[in-house]
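The structure that follows is given in the form of structure tokens.
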Amino acid sequence: MSAASSRPIATGRSAAGMPTGRLAVWWIIASEIVIFGGLLGSYIMHRLAHDAFAEQAAHTNTWIGAFNTFVLLTSSLSAVLAHKAADHGDGKKAARFLYYTMGGGLVFLVVKAFEWTTEIQAGYTLASNTFWSFYYTAAGIHAAHVLAGVIIMGFVAHTAKRQLEMQRVELIGLYWHFVDVVWIFLFPLLYIAK
Amino acid sequence: MIENWVPALSSYAKDIDLVFDVIFWIVIAFWFILVEAVFLWLIVRFKKRDGVPAQYITGELKSEKNWVHYPHLAVLACDVVILFLAIRVWYDVKQHVPPTDETVRIVAQQWAWSFVHAGADGRLDTPDDIKTVDDLHLQVGKTYLYKLESRDVLHSFSIPVFRLKQDAIPGRVVTGWFKPIATGEHDIQCAEICGIGHALMPGRVLIETPEEHAAWIASKSASGAGE
Amino acid sequence: MVVKHADHAHEHGDHHAEQGWVSKYLFSTDHKIICFQYMFTGMALAIVAGFFSYVFRMQMAFPGVPVPGWGLVTPADYNMLVTNHGAIMIFWVAMPVLIAAFGNYLIPLMIGADDMVFPKINRLSYQIFLLSVVVLFISFFVDGGGFAGAWTMYPPLMAKAEYSLTGTGSSVFLLAIALEFVAFLLGGINFVTTAMNARAPGMKLYDIPIVVWMIVIASILFMASVGPLIAGAVMMLFDQQLGTAFFDPNRGGDPILWQHLFWFFGHPEVYVVLLPAIGITAEIITVFSRKKLFAYKTVLNTAIGTGILSFTVWAHHQFIAGIDPRMANIFTITTLIISIPIAEMMFVYIATLYGGSITLNTPMLWALGFIGTFLIGGVTGIFLGASGADIYLHDTYFVLAHFHYTFFPIAIIGTYAGLTYWFPKMFGKEMNDTLGKIHFWGTFIAFNCIFIPLFFTGMLGDHRRIFDYTNFPELTTPMLENLRAFATISLVVMLGFQLVFFYNFVTSLLWGKKADVNPWRANTLEWTTASPPPHGNWAELPTVYRGPYEYSVPGRKDDFWPQDAKS
Amino acid sequence: MADHAAHDHAHEAHGEHTHHPDYVKIWGVLLVLLVISVAGPFLEIQVITLITAFGIAIVKAYLVVKNFMHINVAAKLVTYLVLTMLLFMLLFFAGTAPDVMESHGSNWEKPDWIAGTAHPPAAGHEESH
């Protein structure tokens, strides 16, 4: 198994002038852009076409959305501070900032769960009509990304704490910022445009 | 070319056949034969011979690039001709509706066609409308506007002799037109998969002379089939 | 045969620690083993999908007669068979074999790297792919039977169990497709980053062999186009199982939206599988005509141009599907424009033959066969891209014959070309050339005999996915029935000729002549290491000094000039 | 040997010295923008709502992408890549919207939509108009 656990020489090369990991994360982000792009593009078409959407959107809770935006922006700040710490070779500090970011992600998910519970109790479910279908689908796929980010970040923080694989701190941060950017667009699309 | 096997019975069928023929002559009879001939000739001509080494041609020189560049411009010119013709015919068939004499409603469902004919007064949505299942009765020489609907899934209304095809989409009413130019009885197909009965929704289009058509309307009105 | 291969790996000295059979072949992170996993899985599924085509073609030719090996074909069977034939051939045969298998094998070896940059992600990609195969097979056996609404999965047929009668099958099928996409996204990211970052020292952008470029461009196209369909698949799954109405027109959705989401992916997908096959052809025709590739940069530019243009043409699949007719004009123009780079690419390949010294052995025959038949696929596409003619031809057998004339050269001829060409490197044995030629001519002639008649049945009005034409009086003429029967008999003949290949493959693997390091006297880097290459590919990774196609350079003794030779 | 190379690379990657701007300040700007975008709709002028909602979203996204994701230090290629993907999405929108967004096409119409029966209200929703 030693062959499997040691890294190929290929991984260390960077003919394109960028570390392989960072390049790969940007490619992941590129393919995520089109996933969210297709979904949000479809949503925008419906939103512009149907006045009924505006009436439905009025029932979303802007304050909760705004609070979650605040949480994600702040968690992005700690993610980038973790990157800075990792660049300075301080794995412990980087791990601590990553834990803060994970905390932010968890707060986001808890708030989201609370928000959805209230809405479902009020009778706005996934199948109520197209607006709510888009609302839950888009926010749901985004929340799945947050959850995945939190889990992966746990592993990264665990290794970074031992001063290992420090470049991963930047990579998970890149992904996290992307998830943040998606929410930056989801927030006005789902909550503000009424 | 198609009319050798499938009669061209609508006013625009010949135009669609023309597009097909023009593309056939340009693309198959000229380009395809030419390219395959050159291709096969090169294989035979430059088959390995002892003592004859291959030439070193990079293809980066301008004079060499012209070998592919000129044919390439010729392709572009052919494309323009085909485009012009294709879009013209498309415009006549799908985009532009000429003045029509009568309207017929076509409703697709799993797995049957129903047709609502205008009846004696020549207008839809009046009490003398005639509803039929799977049989579309038309009068030769009249221009028809069709309104195509679907009750459940996608279907495609296709009359090969008219060269007409249009998908029926639930939630939409698609309009279009056709003008039969000769009498006869022909197939109507469903050309979009619509479930296990997809092969079991054949219709018939009956193109009748004015007298026959009037007689058919009269027989339907007399039997009270018009609701 | 796998054991035999293992012996070879040991003979050539595996520098790394001994591995058990399981960790070596089932959980390997070695790109070559992952290539074999993808290739053999793809081939196994090709047999399944080929069997499906045999069953439904027999039903077409002899309606109502029980098919040997299947029994009576019901309409539900028929729809399920055509749907899964199409889906399997594209998603589980063409993609894994052409992109994943050849990509995995060739990219590291051709750019002089010891492995993919992310070997574990590579392994994960195959495991997810295998899972998708399992899920696909589950979909055949669930309550109601396998999904039967055509590989395009158009709603509302796909979305509602009351219409398709295969509620569970549809959802499981969709899940299998989604898993397959995830596998190829992971694989694609690996291919792209490997080719971009892990090139051998000295290898500049224009020193990369065309096939690597093509696989990379194909991976990029896939990654850029599949997103909307992944989003659409989630929406569709919710429509099926959770009662949403994204595609239900009665409750505010729109079925046409799915068609756009699907074809925005579906059209680039054609080029995703086309480009690797074109790349394989480039490698083979240069080697066996001992010629430098004509205008390397032009090939590359046309490939990139085709890739970008392929994002602008998708709605030509929907001309009569109810899109706005004014939009159809725009898509007609873009569709005909895309004929220009593809035509240029074909011209370049033909020009490459000029002045060559052509050896007609098995791989070369396949490569030339690819060019010859793909041309038919290309030129018949013009009929369908021209909106005026498409009104009649849409959804007829003309369309079917057209895309089989593109996909068969791509997926079958391209694969055989690549497999026979790289077989000595992959397995360290030479293949029997005579049997290879018999297999080529049998397959090639029989293939043309299947699909040329189908162009005619399409022109005569045969529309697609009909299990029995007896309900249509105009489609039961003796001429049409004879054409259909002829196509079916040709199919059986063609499938029979594949036995020659399997015989040749197995006997060559077991008793074939041992292959040299560089039996074809080719330039590219994979021919500089042992056959088969050891784990890690080279004892010392190569350095590159020149482009990949320096054949017959004047003034040199040899007619080839390996990329890693200093002088 | 492999390990050694990977190690070298790790040093190299970290030796790049990404410029780290004052992240807390950028975070402050982002929060101010968030407050504006939430406050915008209270003016109840549609144009201002649109600007404060989507204009600010774009600005925020730009700030995050530039400063947190360091797109300006990543190779130019990455910028082109992201822009290309966005361009493809615009293409998708432009090709799809004429069918999905409109109630009338040049040869079709959506009767349910025109009649206003396409959107049944949600269960908990009282008709307000």
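Chains here go by letter, A, B, C and D, matching the order in which they are written, and residues are numbered from 1 within each.
Here is the rule we use: contacts are C-beta pairs under 8 Å (C-beta built on N, C-alpha and C of every residue); 3 or more make two chains touch, one makes a residue touch a chain.
Keep in mind that what you see is a predicted model, and the values were worked out from it rather than measured.
Across the assembly, the mean Cα position most removed from that of subunit B is the one of A.
Across the two interfaces under comparison, C-D and B-C, the one joined by more C-beta contacts turns out to be B-C. With each centre defined as the average position of its C-alpha atoms, the distance from subunit A to subunit C rounds to 34 Å.
Each chain gets one centre point, the mean of its Cα atoms, and the points for subunit B and subunit C are 31 Å apart. Averaged C-alpha coordinates give centres for subunit A and subunit B that are 49 Å from one another. Residue positions 94-95, 169, 171-172, 174 of subunit B each touch two or more of the other chains.
Residue numbers of subunit D whose C-beta contacts span two or more other chains: 2, 85, 88, 92, 96, 100, 102, 106-108, 110, 112, 118-120. Residue numbers of subunit C whose C-beta contacts span two or more other chains: 114, 224-225, 228, 249-252, 254, 256-257, 261, 264, 322, 325-326.
Screening every pair of chains for touch gives A-C, A-D, B-C, B-D, C-D.
Partner subunit D is touched in their complex by these residues of subunit C: 114, 224-225, 228, 249-252, 254, 256-257, 260-261, 264, 311-312, 314-315, 322-327, 331.
Of all residues in subunit A, those touching subunit C in their complex are 1-4, 8-11, 13-16, 18, 20, 23-24, 27-28, 30-39, 41-42, 45-46, 50, 52, 126-127, 129-130, 133-134, 137, 141. Subunit A makes touch with subunit D in their complex at residues 6-9, 11-14, 16-19, 22-23, 26-27, 29-30, 33-34, 37-38, 41-42, 44-46, 48-50, 52, 55-56, 59, 62, 66, 69-70, 73-74, 76-77, 79-81, 83-84, 87, 89, 122-125, 128-130, 132, 166-167, 170, 173-174, 177-178, 180-181, 184-185, 187-188, 192-194. Interface residues of subunit D, counted against subunit B in their complex, comprise 106-113, 118.
Touching subunit C in their complex are the following residues of subunit B: 1-2, 5-6, 15-16, 19-20, 23-24, 27-28, 31-32, 35-36, 38-39, 42-43, 46-49, 52-60, 64-65, 67-68, 71-72, 75-76, 79, 82-83, 85-91, 93-95, 110, 152-154, 156, 158, 160, 163-167, 169-172, 174, 186-187, 189-200, 202.
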